[in-house]
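Structure provided below as structure tokens; questions to follow.
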């Protein structure tokens, strides 16, 4: 969720800053929290089972195969977008002279190594890296909010645009934040006991997402002014560059931010591609594909990922990336709520299966 | 008959050595035969336990009952067992064609050593001894639970050493125990003299960087391990014990964490972890910052680094490796220094690595500071095996940073974390954060 | 587990040689870089190449204790555009130019008057390696002179002029600090005007003097603020941490040292398009110098004097600003922040109404003591 502060979400939001972004944010928070609640409740009733397993049991084979294939592609693209955005970012700001393939490979290889791990190990890695990174995030936000160069007048000005109709693209960009819950499709494998998910958790998620979205949208405005903010290609990079740590080793908060977000982007790519790999696995039974005794089924898919990513990294420019991301998010807002219908169907189907057993 | 056969066979086995004594004692129509290895038995015990009573007892029957009542008495099954036990320091007593074994070995390595590797400020300074029976004695007297089980194996075809597994039946997971026993059965090497070798043989992969079992010589640490559900392995002749399964955080705790109050232990823990990160990342960070993105640090620091590198003929990456190489050499050599030479070595190390290198502009002064900081922080890590692993990983990180810059450093660090998370030590995940709600079965931490 | 490990091992091992083929492109040692300390942009005398850039480079010394005098090197180049000038300069110096540490940008006064701020801003922002927390200043008479001066008492660790602006060195009320991101947002935003400090060299050519400011507004000439007005501006925007006010009223002459300044304002536009501005300033401090002895019990009376004097000064300043149509405090911004966007008046209407705006200033004095003596 927090990872999206750097990816194209803020750029899209700022594009429509006078045309309904604020109301889109508010709407997205409400709808997103509801969606999260429903998804979690659904998966709570089937502890330990992943979505492919559920689908296998309750739907016909052709539907299952094509649907899961489609899901695998969707997840792969999600990871790909983060990867390409991040490669561009690193090239621009950290190491301008390194060949783009090298930077792309640098991020991709550990992410691929990670996505090959078992599901629960990924969760452990996540815990540790978040534990290390969380104080830094809190610190950057604290620095941003407490800086006296943050002009609240700009923020108030932007907030006053709330009485417009929400814009579709802005809404889908904010909504993407909440779609992290869809990773439960595979990660449910880890939750073999029924988890406690009551209204307190819902409230917490709602608050956290509000804070995240608020920060994503308003803080750059406070630092960079409201008019012409869509001129900034990477609004959060420019914002963190405006912060200054007077007494520490690193003076420009930009680098702290970049380091932090390399970590988060890496985690995000790892999770997305792991989910995608697992989907492919369940369709094609990749673990059974053997060549001279070594299971290389997964390796083929990985090579495919590497190839496609490298191709896109070279081909896209920033504007195409922006458009592509926007389209992707728009597609997702149709797709995920309609999954709820599918869940309903599955729930009925599983009851029949249980009766049959 | 059985007895004579046995005696002849034994004589045949031991014909190459002249230490195998065969004694016939006849007195007042009591007749016994003694067979033993002279260098293995304690002649005092032989005299007081067997020879003297023999002469004082009325009849052979009484003597037989007396022998069976002795605590050193052992049941005898086969000839091979008899041979083995004679090699272990038993004496074979043949009475009326019956063969008895008595364990009267001469033990002179049963004093507990004082701790040499893991010293603490407070607490006991006695470590385990070299003798396995004494060790088990020490452990049992520190851990008064009837559920403590000890199982013996004999390993090493040539030297036939005793290996013991100690565990608390109530606390361990049975899968772990089965796994360890299975692996132990598979070990069929010729010679096993120490727990280190056992450590390597029990783990299938020789090429891991990080230790899979923890070695300790302190009884209090062993007791904590047992109470935490670990399995302890002991080898005769080695004062170090092995504990498995193990998690990463075990390598970063000392026993003193439990002696101090909460805040002091917290402070020391933070210090240790900071030391760990410093010793891993600092040289690679220097290479990354000075050669790839000098803009990361503030201007004053960047200028200082640039200033101190004036005149240095190598690039930063070679400089780092050069200084680290010297430091590693110094550390390796100082293990084997005889006491007479140790003063010279410190002077040499201090002068060469310190002042002279900077004066001759072979390395920058910042580099010297970094290398000394790194050297000291490596030894903040309480368990030595982890320190060795860290030294190797540090070199790997420097290599990655030299090729790929700061992004490479970050991603190398993440790869390291993933590698650790992926490892399992006997079924337990190696790197896993334990929250207070989870059952801390395999962790040493008690708070 | 074993298979997965060997699979990943093979994967890695096969990639490492591939990576090595790509490597070595970025590795550049720090002694092959030269760091830029300040950038000076001037108007050149050449009409085809209107920009003249001067870069000041650090020369690192290995020991600050032995050589406390700082060493710098300079490069100047004319160019049709700023980037072209820099490209040419890269061929004149033997090391790679690194902009990541440049913290000060001085723009020559003529260039500002020639209304080139937008292009300069574009150049400074588009490059990702110039810090957005650099300080922007105006140099008089030319930026090149300012940048060339190494004042007395400067040591190699830190250029003296940075201390003027970084809020850690001197904290005078006459110095306006303007960061690049602030410059940008004020330039692009219509509700607030840009204020830049002016650096001048004193007569003996030994020190800098920074005690004036320049207000920039689109479509208008830049307006210079006198020293006193700069001080008032800093006080009204709560940027000054300590300020001194000279009170000469009714025979009393004392200097109030204000160490806590808080100013708030609110802008209202009535239906008849009349703008009223309410400005409230609270000044808390103590007396630091006086011609006569002052009694502690006279503090309320002294407070009244302070109030009257400050009110007079502030009102004079603000009325001059309003009359000339400048808005350095951001009144329009404030107006926009509490009015819904579809109820706002347009820019032209605002500019018209602004000239007749009414301002009410309330000063809340808070002299707490007369100092150590009475």
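In this document, chain identifiers A, B and C correspond to the written order of the chains, with residue numbering beginning at 1 in each.
In the analysis below, contacts are C-beta pairs under 8 Å (C-beta built on N, C-alpha and C of every residue); 3 or more make two chains touch, one makes a residue touch a chain.
Since the structure is predicted, the reported quantities are computational estimates derived from the model, not experimental observations.
Undergrad: Based on mean C-alpha positions, which chain is nearest the centroid of every protein C-alpha shown?
TA: Centre-most chain by C-alpha means: A.
Undergrad: May I ask which two chains are joined by the most contacting C-beta pairs?
TA: A-C
Undergrad: Using mean Cα positions as chain centres, tell me which chain lies farthest from subunit C.
TA: Taking each chain's C-alpha mean as its centre, the farthest from subunit C is B.
Undergrad: Where the centres are mean C-alpha positions, what is the separation of subunit A from subunit B, in Å?
TA: 46
Undergrad: Quick one: subunit B and subunit C, Cα centre-to-centre, how many Å?
TA: Between these chains, centre-to-centre, one finds 64 Å.
Undergrad: I'd like the Å distance between the centres of subunit A and subunit C, where a centre is the mean of that chain's Cα atoms.
TA: That pair's centroid distance is 39 Å.
Undergrad: Pull out every residue in subunit B that's touching 2 or more other chains.
TA: 292-293, 295, 299, 404-405, 422
Undergrad: Of all the residues in subunit C, which ones touch at least 2 other chains?
TA: Residues 19, 23, 26, 28, 129 of subunit C touch two or more partner chains.
Undergrad: Counting only residues that touch at least two other chains, what does the list for subunit A look like?
TA: 95, 98, 102, 109, 113, 251-252
Undergrad: Taking the complex as given, what residues does subunit A use to touch subunit B?
TA: 90, 94-95, 98, 102-103, 106-107, 109-110, 113-114, 117, 120-121, 124-125, 127-129, 131, 249-252, 255, 259, 262-263, 266
Undergrad: In their shared complex, at which residues does subunit B touch subunit C?
TA: Residue list for subunit B touching subunit C: 204-205, 290-295, 299-300, 302-312, 315-317, 402-405, 422, 424.
Undergrad: Flag every residue of subunit B that touches subunit A in the complex, lowest number first.
TA: On the subunit B side, the touching residues are 292-293, 295-299, 301, 404-408, 410-412, 414-415, 417-418, 421-422, 429, 431-433.
Undergrad: With touch defined as at the start, can you tell me which subunit C residues reach subunit B in the complex?
TA: Residues 1-2, 5, 19-20, 23-24, 26-31, 33, 35, 58, 60-64, 98, 100-101, 103, 129, 157-158 of subunit C touch subunit B in their complex.
Undergrad: Please output the residues of subunit A touching subunit C within their complex, sorted ascending.
TA: Checking each residue of subunit A against subunit C gives 18, 92-93, 95-99, 101-102, 105, 109, 112-113, 116, 149, 151-157, 160-161, 163, 223-228, 231, 238, 241-244, 246, 251-252, 294-296, 298-299, 302.
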